[in-house]
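Worksheet for the structure shown next.
Chain nomenclature is as follows: A, B, C and D, assigned in order of appearance, with residue numbering initiated at 1 for each chain independently.
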Amino acid sequence: MAFESTLKVRFGDEDHARIVYYPRFFHFFHCAFEDFFDAQGFPYRACLDDDRVGWPAVHAEADFERPARFGETLTTRVAVRRVGGKSATFHFEVRGPDGERVCHGTVVVACISMDSYRGQPIPDKYRALFERHLEEG
Amino acid sequence: MAFESTLKVRFGDEDHARIVYYPRFFHFFHCAFEDFFDAQGFPYRACLDDDRVGWPAVHAEADFERPARFGETLTTRVAVRRVGGKSATFHFEVRGPDGERVCHGTVVVACISMDSYRGQPIPDKYRALFERHLEEG
Amino acid sequence: MAFESTLKVRFGDEDHARIVYYPRFFHFFHCAFEDFFDAQGFPYRACLDDDRVGWPAVHAEADFERPARFGETLTTRVAVRRVGGKSATFHFEVRGPDGERVCHGTVVVACISMDSYRGQPIPDKYRALFERHLEEG
Amino acid sequence: MAFESTLKVRFGDEDHARIVYYPRFFHFFHCAFEDFFDAQGFPYRACLDDDRVGWPAVHAEADFERPARFGETLTTRVAVRRVGGKSATFHFEVRGPDGERVCHGTVVVACISMDSYRGQPIPDKYRALFERHLEEG
């Protein structure tokens, strides 16, 4: 079961070539990652500030398949590809208003304590959340 | 005596109209504000983290006089217009490679404690720094 | 009659002080400005690319009243304060989830031809749109 | 022979976790990519606007090895890993003030015509530039 969220490409998201500046897609991935928590009863801010659990990226990659343009509403599908002991792999697939795929990529996040900034095992409640969205790549 | 710093306009700083997206100029003001501290022996990070003194903007305004474009090196002149008890007014003037003025504006910053996030009197060392750059508007 | 749009403050919108980096509020103003066109049947992209009409900011100012934080949904109210021959003044008021005002400000936009990048009279259809939202300051 | 450029991490580059927001590293890669052209006699803007040659990313990936923090000056080393017919692979390595590696990654760029936005063979002058920096991965 995948999770989906949408966002609107903004006037300032484009670069001089008049297409979305590619680092913005990683920001779009992160927006969908935040929504993944927020929309399923685990507010991302509370995860960090109350549960003291952070998810820094240790690896990120993406393939860009067609340009995206300002004014478009993009839909990002979030799936989980792997849940390890202290890290997890998320997969993001971004589609344009016509359903055509704009880009896709994976981000590996470590689970850290927001007190020590050191790695720690993924807490059970987040493990359960991630596992609900687990699917093979 | 004014302070100057430079920065290069980047590919991603432009928007769909192929000129610098106007909110970026306020970012450019902030870059010059950081450089103002860093270059004069008061590292901005140490100000916040060690001295526990922060400078949130309470008012900001700017006039945009001609577009700026990616690839240009801009020079920002920083002056201080007013040093109050718990706030100060900075003036920023941004010029293009030809010396022509691109924009100018003022930002009023409050002095706060980074522990309580409440207003506090400007510490003497920062007051002295600001007063060295005081000039009439 | 005012127009309203909402947006969610993102993880990356905060700065080292853990509050929204103030230049982002001008970006939030612009997002609401885009929505103002899009939601009322005048897609902002078509305005620029098809009608060849652009709206660069010539002046922008804002007062920041309380910090905003990531995870909050902000509501921006857009009103028009003045419709001139070749420029217009927009007013933005941003409120937090509790209805408390976070910041407010005005942006003066010039009307330009996207072909010549020179000022031009505001076309009738946009003048009518703006006048529907005109209110005294 | 590798190329190097530097940049300063800014106050607004950090996120709520008080480390550089990871999508910013891809922006840092792009800054170094622009500098690579600019500093070697091939201004990036002229490449796009005069030569009508663009370099959109078709794939990007990075490993993040230690956090970067605002106030740090980062040095990015740019090398070329492959020069194909219509695309090239760049490698970026970002180091902190202590010389320790912060992150590294690769970006595959396509060569396109800025008139048609379609792929085209890499022009000789850019091929020669890239080949001067070719090294094995």
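Basically, a residue touches a chain if its C-beta (ideal position, glycine included) is under 8 Å from a C-beta of that chain, and two chains touch if they have at least 3 such contacts.
Note that the structure is a prediction, hence the values are computed from the model and not measured.
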Graph separation of chain B and chain D (steps between touching chains): 1
Furthest chain, CA centroid comparison against chain B: A
Distance from chain D to chain A - Cα centre to Cα centre, in angstrom: 23
Chain centre separation (chain A, chain C; CA means) in Å: 28
Centre distance in Å when chain A and chain B are each reduced to the mean of their C-alpha atoms: 33
Contacts with two or more other chains, residues of chain A listed in rising order: 11-12, 16-17, 21, 23-24, 27, 30, 45, 70
Overall pattern in which the protein chains touch one another (line/ring/star/complete/other): complete
Chain B to chain A touching residues, read off their complex: 11-12, 14-18, 21, 23-24, 70
Complex contacts: residues of chain D adjacent to chain A: 16-17, 19, 21-24, 26-27, 29-30, 45, 48, 54, 56-64, 67, 114, 117
Chain A to chain C touching residues, read off their complex: 8, 10-12, 27, 30-31, 34, 38, 43-45, 69-71
